[in-house]
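A, B, C and D are the chain letters, set down in written order, and residue numbers restart from 1 in every chain.
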Amino acid sequence: MIRVGIAGGTGYVAGELLRILAGHPEVEVAFIYSHSQPGVAVSKVHRDFFFKPEWHFTDTVSTDVDVVFLCLGHGLSRTFLENHPLPNEVSIIDLGSDFRLKEDAVFGEREFTYGLAELSTSNGKNIANPGCFATAIELALLPMASKGILTDSVHIHAITGSTGAGASLNEYSHFSRRLNNLSIYKPFSHQHLAEIGETWNTAGQTQLPEIHFIPVKGDFARGIFASVYTNTSLSNEEVLKLFQDYYRDSPFAHVSEDIIELKQVVGTNHCLLQVQVIDGKLLVTSIIDNLLKGAAGQAVQNMNRIFGLPETTGLYLKSIAF
Amino acid sequence: MIRVGIAGGTGYVAGELLRILAGHPEVEVAFIYSHSQPGVAVSKVHRDFFFKPEWHFTDTVSTDVDVVFLCLGHGLSRTFLENHPLPNEVSIIDLGSDFRLKEDAVFGEREFTYGLAELSTSNGKNIANPGCFATAIELALLPMASKGILTDSVHIHAITGSTGAGASLNEYSHFSRRLNNLSIYKPFSHQHLAEIGETWNTAGQTQLPEIHFIPVKGDFARGIFASVYTNTSLSNEEVLKLFQDYYRDSPFAHVSEDIIELKQVVGTNHCLLQVQVIDGKLLVTSIIDNLLKGAAGQAVQNMNRIFGLPETTGLYLKSIAF
Amino acid sequence: MIRVGIAGGTGYVAGELLRILAGHPEVEVAFIYSHSQPGVAVSKVHRDFFFKPEWHFTDTVSTDVDVVFLCLGHGLSRTFLENHPLPNEVSIIDLGSDFRLKEDAVFGEREFTYGLAELSTSNGKNIANPGCFATAIELALLPMASKGILTDSVHIHAITGSTGAGASLNEYSHFSRRLNNLSIYKPFSHQHLAEIGETWNTAGQTQLPEIHFIPVKGDFARGIFASVYTNTSLSNEEVLKLFQDYYRDSPFAHVSEDIIELKQVVGTNHCLLQVQVIDGKLLVTSIIDNLLKGAAGQAVQNMNRIFGLPETTGLYLKSIAF
Amino acid sequence: MIRVGIAGGTGYVAGELLRILAGHPEVEVAFIYSHSQPGVAVSKVHRDFFFKPEWHFTDTVSTDVDVVFLCLGHGLSRTFLENHPLPNEVSIIDLGSDFRLKEDAVFGEREFTYGLAELSTSNGKNIANPGCFATAIELALLPMASKGILTDSVHIHAITGSTGAGASLNEYSHFSRRLNNLSIYKPFSHQHLAEIGETWNTAGQTQLPEIHFIPVKGDFARGIFASVYTNTSLSNEEVLKLFQDYYRDSPFAHVSEDIIELKQVVGTNHCLLQVQVIDGKLLVTSIIDNLLKGAAGQAVQNMNRIFGLPETTGLYLKSIAF
């Protein structure tokens, strides 16, 4: 059994992680750290865990674990590791943004690998888990980037569910306000742009295109729906073949010729991509569950890779479908 | 023109009141008082008022008005009137609960009338505006109470939209949590029970039945959907005639023989009642918009009555329908 | 491996069943019968199955199976079995209503057992799977019925998600209409009343109380939220102990003292019950996912019992939570 | 009083039109034509009209009217006018697409004017009412087009509510499917592209830019949320001034410097535009209620112009806000 610790246990991402790990056949949860709620039952915060009354948050970080997932919020992982030194043989999977960019990827003797499984066959033992928008967008054009043929501007419009903003309360997170509502935020300047560029570069796109990205706050809780287009000289058939070949062995990235819709992936660790060429433009629609393939699911996928398990172990998650 | 002041201008109910008054042909808004946001444009808080850039909150209460609406939150109206004395000739319409019960209905020389227009033909000049649940439930059985034939237990189940809880932020008001969710609160003990009993008593029900009331927090923003039943010895035809006769001249209370659904009234000042007798039980389904007939709309209806206008003036409000 | 056939494969319930069975470690899907769409890929109908391109509907019913699930719609199971005779050693789990009542429970040499696992320790090999409303309501008072202390009227108000009405298209199933809307249907006459009464009777309630049941169509897709109350002479502590004792060994029925909310169970096979005694009234709030504990999940639970597996096999289903 | 006839009375747009006209002080509804439901009460179809029991659909088209609104669905207006000849002095306002393009704008002696009030000061007496997407998108760049400075590609992403697809039933319109879901349709090829180009051309943009348009089906009933961007050499201040000057006298088009959100306009006839220049790109967010400014509201605005009324007559519509 893999002994797992979780830090930052009260947030949405930690909740999802626990929901997955509770059904993972090779995992034993060793501790669920929370600075703010030590001693409190997990079921008081993640209320669907009424069937796990034995789980409690703790403020003690055990070093007798194989891997620690950091779900601390962006910018807090580094501080946590400084305050809670862990032996180098303990793997770290960081779900924050602290170690995603190459310039940030070293912490002491640890070197973090950007954990997009579809990008690389090898894997480090310390993982910077990709951002949610970044995952949906990177996968949308990874096959193109791998050929270095992303030569023209990329236009991205992506709608995210409310869980992407976490559990924090503010005027805009109020149910009465967000219901039946839409707005944009951080147009052309979302913080995931840098990791998207780096990932396509790693894949083979040495000269990066201009990226135009409009993120939208959607009227639902779960999922990211991204439409991505750029000019291409390839035909529809060529593009389809390129994508299908690229993702042939990926258990969680799939290519579709049909119209796709967000709920095909909500509740699962899948990314589904519809690709089509229309009048010289490649349009890719890319959908994921932001909390799963966009966070906790991908983190478990990375854990499976670190420990030599099949990538899919514990990750058959029933789609919510409705 | 009726000169209107509003106190407690930043809440949901005040927002609705302003939306109605902005289209009311006989009203001039004199001041919009807010303790917390004086000087701020109304459109910064009620964001749909971008077309009224001239409206600002003030912390000055002018006495040169004909009527003041109090939208202060329950228990704060009395204090407000103490701190901001208003001439007796200025009418007060209180949308809080301070003056609803008979034992609370006097403030200095003012006497407050419970402002359920369907209950009484006369009207005072100081009004305690009924609660939202209370309005839906009282109207459901007012014709029965008027005959004194509410002899058996009354069972009420009523589902409210999120706007019923106002703009306050708490864990449960978070969009991610409330979406697709339901819960009950204050079972058998909701604070509106007392005013419901008093109203039926005023209508003619001297001996009050036991009332069992389960309020439910719904997965939508606007509206109250109440199902109310009690035993009856009347036939379906008798009940239908009783209700139709009782509400014949009410412009905002209507009786239906067909299945009704909440959105028939959302966005309007109407109360719609479906009545049917099944196996000796009278079942009334009662629907209102909690912010309109349940609050701001009914308050304007009361203002119209005070100033001798047709009850419907400024209250044709297009249903949202979808 | 248990070889499974499914009849009526295109409906919502069959979709959920397939989603569970795809992750069940002891099951092999032998056929997915559909009269209307033979030869069509399952992923064309249940669109989240893009990762199972090999699954197709068939109009051939193989007899080389261990169990057949009937998901045909109410009243069609009997006809199906007449037209597609199956060997007696093949178990039948009927998700329709055909065999639920004792008077309907025999078909040829088969005798159907009402498949509420929490009611009985033994199990037949042919199962009439309980209705969704029936499941939520029966479990709400089963401990009381087991003591024969349901002596006074029972009042039930239950709100169901849209999936309860299946995939059929009609004016009311239109998104634009049902969104933000509510209505009641079949007041005091829902077709599940008979099986509820029989179940409580089987549990030990020889003299059945009067049942008043108002079903409500909710503004969400998944789940049933039922509030159930009746008079009781027991104290809060006594009731709590009774319920906790009764469900102590049930893996999918749980008792809570805290306020509960629907999404604690959506996506799972759990039933969660909040019990409280207020002024001589026992109030039970009962929540389930109508497609899981209310249909496909409970059916798999019954399958596990038939074949001697732990009841929970393949039924750890991650809550959707948000 | 303006005597009004409506053809195609049972659809969503006709319903909205009736809701507006019922509160319009200068209008008398002469007939509500429906081929399919003559004799039926309007309240049986548009169920919020329970307070107008006297309104019934008819299959007779009276010629004793001043204006007829055609709400027939795209392509059916021409046929209707052929089958029901109306005197030339009766104005026609067509809410379908039949007469929107210049090449289609003549029918017998009638010449149809494209009825975007913000584009032209004069008005014909026969109006082709703009499409819903077209309205939101045209207004987003009309000031730029009026200067002929739309020189570079235009990128549009627009999310529409379900009412945009009308009342027709199909698999995708099912509540259980569309809830919490998103999909795109007609990428780069929506039928409104031609009228958008013509409108910008009429405004002054002789050389049209390439337009890239992705329409998205949203998870809500009402509204269009469009984000539109293109390169510009203007500064933020210059653009803001251009837009504010252009729309200064428009009662229903407004310019904002703040973040905007869809519900600021839902329920009203307003279009609200947020404009900003970021790194040489002009980004305009444009929001309307698709059934109001995008259809029935704009049609009444056009009627007001035809008959010399203030444009705003009968068009103060309370925002739904929540």
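Simple rule for what comes next: contacts are C-beta pairs under 8 Å (C-beta built on N, C-alpha and C of every residue); 3 or more make two chains touch, one makes a residue touch a chain.
Note that the structure is a prediction, hence the values are computed from the model and not measured.
A.B. asks: Same residues or different residues: which describes how subunit A and subunit C meet, taking over half shared numbers as same?
C.D. replies: same
A.B. asks: Among all chains, whose Cα centre is located farthest from the one for subunit C?
C.D. replies: Taking each chain's C-alpha mean as its centre, the farthest from subunit C is D.
A.B. asks: Provide the C-alpha centroid distance between subunit A and subunit C, rounded to the nearest whole angstrom.
C.D. replies: Those two chain centres are 34 Å apart.
A.B. asks: Can you check how far apart subunit B and subunit C are, centre to centre, with Cα atoms defining each centre and the answer in Å?
C.D. replies: Chain centroid spacing, subunit B to subunit C, equals 40 Å.
A.B. asks: I'd like the Å distance between the centres of subunit C and subunit D, where a centre is the mean of that chain's Cα atoms.
C.D. replies: Centre separation, subunit C to subunit D: 46 Å.
A.B. asks: Which subunit A residues reach two or more other chains?
C.D. replies: 12, 161-163, 176-177, 179-180, 220-222, 261, 263, 322
A.B. asks: Once bound in the complex, which stretches of subunit D touch subunit B?
C.D. replies: For subunit D paired with subunit B, touching residues are 12, 15-16, 19-20, 22-23, 46-48, 50-51, 161-163, 180, 221-222, 254, 256, 261, 263-265, 267-268, 270, 272, 291, 316-322.
A.B. asks: Would you pull the subunit D residues touching subunit C in the complex into a rising list?
C.D. replies: Contact set of subunit D toward subunit C: 12, 161-163, 167, 169-171, 173-180, 220-221.
A.B. asks: Quick one: which bits of subunit B touch subunit C in the complex? Just the residue numbers, please.
C.D. replies: 155, 157, 159, 176-177, 179-185, 187-189, 212, 214, 216, 218-223, 225, 227, 229, 259-263, 266, 276, 278-279, 281, 283, 285, 322
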